[in-house]
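Please find the structures below.
After this come two complexes, each holding chain A, first together with chain B and then together with chain C.
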Partner chain A sequence: MKLSKSISRRESLKWIGVAGLSAAFGAYVRPAWAGSANGRVVVVGGGFGGATAAKYLKRLAPSLDVTLIEPQTRYITCPFTNLYLGGVRAFETLWHDYTELREVYGVRVVHQLAEDVDADRRVVKLADGEVLTWDRLILSPGIDLRWDALEGYDESASERAPHAWKPGAQSRLLRQQLEAMEDGGTFILVAPDNPYRCPPGPYERVSMVAHYCKTHKPRSKILLLDSKDAFSKQDLFTEGWKANYGDMIEWVGRSQDGRVLRVDADRLEVETEFGTVHKADVLNVVPPQKAGIIADRAGVSDASGWAPIKARTFESRQVPGVYVIGDATEAAPMPKSGFLANVQAKMTVQAVMADLAGQPAPEPSWANTCYSLITPEWGITVAGVYEVYDDVLREVPGSGGVSPLDASAVFRRQEADFARGWYAGIAQDVWGTRSSS
Partner chain B sequence: MFDTLRPRHFFVIGLPLFVLCVTAGLLLAGDSEPADQAETLPDAVESGDAEGRVPLDSRAEIIAMSCAACHGTDGRKATAIPALAGKPAPVLEALLLAYKRDQMPDATVMPRLAKGYTDEELASVAEYFSALSPE
Partner chain C sequence: MTGNRSRRRDRVPGARLSFGRVVVATMVSVLLLGAGNATAARAPWERVEVIQELLNGAEPQRDAIQLDLPAVTQDGSSVAVTVDIESPMTQDDHVERLYLFALGNPSPELLEVRFTPLSGRAGISTRIRLDSSQTVVALARTSDGDWLADVRDVRVTVSGCLSRDDTYASEDLMQTRVRVPPNFERGESAEVRTLIQHPMETGLRTDASDRPIPENIVRSFEAHLDGAPVVTARLHRAIAANPFLLFHVAPERSGELSLSWEEDTGDKAQVTAAVRVD
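Moving on to the complex of A and B:
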């Protein structure tokens, strides 16, 4: 498969430029086997992990035959959905497509649902009956919601009490409900126990809801009922909520009876562990989660619902030849973030290429930064660098951490600007989206 | 000679050399497909250069792949977050080391990230990005 003319010339120039510099400085060179890897790789899932994997496979080894399977022609990101809910970002700015992957990189993009995997025969079966064979399979299925975990909360209940944790119609529904809420209403968010997609997500969400209410519905109340006693960037969120929203947001942790066990979506009521009933005007339930269903079909998930992986390569611990990346994995201490799905994809691509060439995988390195906005001008972060140590993942000692407390308005503003820069940067890196921000 | 490379030397030696390489690249590239380059390049480099230096491995590129998640593919996306491709290596290296040593008082996430790498890794990443064209 040949790349288009424009990229081929540019890539040629790059190679020669690098070669020239190598001779001069002894600089970077890719291992000899890397560029000529051959084989068929199928990637399931076109989000931060899967789309990145497909792109980087073709960037690093243009001779590979790469197919990406993703049911949607338009991908909507979870990151920044909260900004849409808060009324500070248009929904369309969260949409991305597969034009670059298809036209610039020569990835075959198939808009179908992957229904089943037979790892012995090395095939993926699609909903339309097509059967694809692979030499290596990369699964990046994201999450599925557990409809059996919270009494009263199933898929039909989510049409009255949205989760909006997989973006799309659910995001619009929650936004409409928030817009329809009367001033003085109560917005309740039910947050799950760990692990789940985007650890700071529920806290950014109530921040953005508060940002909207502060202007439009200032007498409203926001209640966050949590199944845990501590959460990501907790001190920074608490500080930011107080500074910007006074006592509009109330967080109730598990030991203060914050754990919700039952949902009544018709009455917009929830009941906690110790029997307290809370009535909402808008009820946002973020239920417990698991790896996307195709992980079960492929046999890579375990009793926890997530997929255990080998630290160095992210190859499944249960099914050889199948790699799993992104939120579906059991990769603690890494959080389930789009940023890490993107970096995991790049490391796993190299492991796959090495494996196809009969070589050991190079030593991986992963970084992560999770931005959260408390207001559009008040950003906070948690960052980390990860490595393999004694065959397990760990954060590099001395690296990482959260933004400082008591930072200046200029500092918070800068992290908010960088949050928007990050979104534009990663959207370009994953889908080739060219935005102006 | 390159062991003692200092920032100001970059402009005296490195920049003309870079221009030379790019010019040579332009002249040589023609319309050849990247696969051809990919096949011929490693052999050419594996043998080392005229002075027998062994090239670095792909560690720099591996680390740089994380950078792309904010700075764009190949560090070419400029937003509030700056692009990195084509910036002088000594400048990038000095910045990265200053982040790592908390010598940049108003910095946000970079000090926390830079502490995850050795000085040598940071130097190689700086060199990696400097060798890429800004597009």
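Moving on to the complex of A and C:
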């Protein structure tokens, strides 16, 4: 019974692996009309969504004039930063640059901040004053943190109690704090309500912190205070935590008074909905989030803070000619994941090219897998395939699923290997960079 | 005073609240009934039978009441809802009742709240269950007999990312949590947050061997300040598990706030909290 279950699961994973990778990593057919797609496309944001969009536009329609705007010359991925925090991966292995996009594909890469969008005049204004005109604009700005959402938690508080939810200096700060923590200390992670970037992220993070503590600070305690009563891959995380870390990790859901309403970063204290005060030695606050600020400037975000999109094309519902992909979108039931940003980019590139060529947008389909590591040798996944149904996005009935419970150590190790393989593959696909673990 | 937890104190077997179980017509018959000329100009939600009965021909005003909930939610099993109504909340002019409906649920009733001037502010927050994408309606009646209404459409997506543990440790059942501000200003309203551990079984689920799990809910909540009612609420089965209720109280003097919940079995939980007015 158990055996057949895990075999069928393995087969379905294999299937998702093959179908997902071929759709995701670029083996699709170049439409006959791609050559007649002419014009200027500006892409804002050089992450999983934006870099993929710029590259695939040029790959499918080399005659297009494509500019990618990204302030940083070196992009650091959010996926696998938890492995860096856990001490199992060097930070440099998460860095990627734009050499391939520029030199192999002929994308004009501008390292500037996009400050404003005038959709009527079809221009983007950069921080250095340059003004770029576009025929179609693709925004992939990722997230910004809502500094007004959690009492006491603003940008200066994040210098004491890091979020580390946008990788970079914040990730280093959190790692340093963890290294400086005494054995027997308390690490607290404050997790937000939905929606937010990377639904399983907080739970992988405490897993990796536990992995580090188990070796270096075995008397430490990890407390996860959650604004939700349920989370991604919950049963699998709970099982993995117990098997690998005993009772080192304690998860407190919303109904158990896990929802934090106030942060005192100077005292490293948080206060919950029902007035319980918790004191941390290292305090990691993941605050509520919204679409990157340029989405507001372009007028594509709504009162929720996210950008509503047309399901088939990911063109903004609010501003014609502007497409939005990745974490900034309101694309439920799709989770905000790097993998989906990559796949959304490919589907949207086709829609943009079709639009420029005066053709109808092709029928899109999206696949996603979110890998999480509970230990470097214990991986779990959730996968889904998405389609347009009645003009809205939905998960294809019967598609996807999660790893089985009670699987063998071999199975968990295999999934951990798949996770590393996924990272290497997607980095190659997006930036053309090789990553070594 | 913070983080109070109480054990269930008294057990009243077989006790029944005065609220009768409301029998609800299905949405289909409601829409058929509503097709007449007299109501042709009205919005579809106004033609739902339970709402028609309450309004009894009255035209609700739309400006003084605000219903907040997300336009899109990935987890229909627990959706945060807030209602806030502008009102002086005096003896002569206050909001008496608030009704919440989810029109696409198997039964539309969510919650009925009675306010008093002692509430100070006619506002609540709770968490509800939404079966599918649908319309949520907040309807309120003032002491003058005026009706207020606000309406929101919510899209509920199925998420493969969520799995939920539905088992409840019996020792946690009917455990309560209460958060009362450490001090109040005289006559100024402030928030009280409450929660009770309870699965709120809808009666619509089946167990592992496919037998129906009977309906079992917390059906009422009451808050009194020194014996005077602040709010009373009737909860229906689409209030999310572990019912959360935030309300307001505006005390004139220090006193004792007494909170009680009653399950449909008659079991009760009670807790008291000091209210300090500076």
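Note that in this section the second predicted complex is superposed on the first by the 403 of 437 C-alpha atoms of A that agree within 3 Å, B and C clash if a C-alpha of one lies under 4 Å from a C-alpha of the other, contacts with A are read in each partner's own complex, and residues count from 1 in each chain.
Everything that follows uses one rule, which is that a residue touches a chain if its C-beta (ideal position, glycine included) is under 8 Å from a C-beta of that chain, and two chains touch if they have at least 3 such contacts.
This is a predicted model, so every value here is computed, not measured.
After overlaying the two complexes on the shared chain, residue contacts for A:417 are found with chain B alone; chain C is out of touch. Once the two complexes are overlaid on the shared chain, A:339 sits against chain B while remaining clear of chain C. Once chain A of one complex is fitted onto chain A of the other, the partner contacts of A:429 are limited to chain B, with no touch recorded for chain C. Using the contact criterion defined above for the overlaid structures, shared-chain residue A:367 touches chain B, although it does not reach chain C.
In the superposed model, A:347 lies in contact with chain B only, and not with chain C. Contacts of A:93 after superposition: neither chain B nor chain C is touched. When the two complexes are overlaid on their common chain A, residue A:72 makes contact with neither chain B nor chain C.
Of the two partner chains placed around the shared chain by superposition, chain C is the only one that A:255 touches, whereas chain B remains out of contact. Put simply, more of the residues of chain A are touched by B, taking chain B and chain C as the two choices. In the superposition on chain A, A:401 makes contact with both chain B and chain C. Residues 383-384, 400-401 of chain A contact both chain B in one complex and chain C in the other. Put simply, chain C touches chain A in their complex at residues 1-3, 70-75, 77-78, 80, 155, 157-165, 177-179, 193, 195, 197, 241-242, 244.
Chain A makes touch with chain C in their complex at residues 193-195, 199-200, 228-235, 254-255, 257, 273-276, 302-304, 330, 332-333, 335, 370, 382-384, 392-395, 400-402. Contacts from chain A toward chain B in the complex involve residues 2-3, 5, 7-9, 11-36, 56, 62-63, 339, 342-343, 346-347, 350, 362-367, 369, 381, 383-385, 387, 396, 398-401, 403, 410-411, 414-415, 417-418, 420-422, 424-426, 428-429, 437.
Considering their complex, residues 2, 14, 17-18, 20-22, 24-26, 28-35, 37-39, 41-46, 49-50, 53-63, 65-73, 77, 79-81, 106, 108-109, 112-113, 115-117, 124, 127-128, 131-133 of chain B touch chain A.
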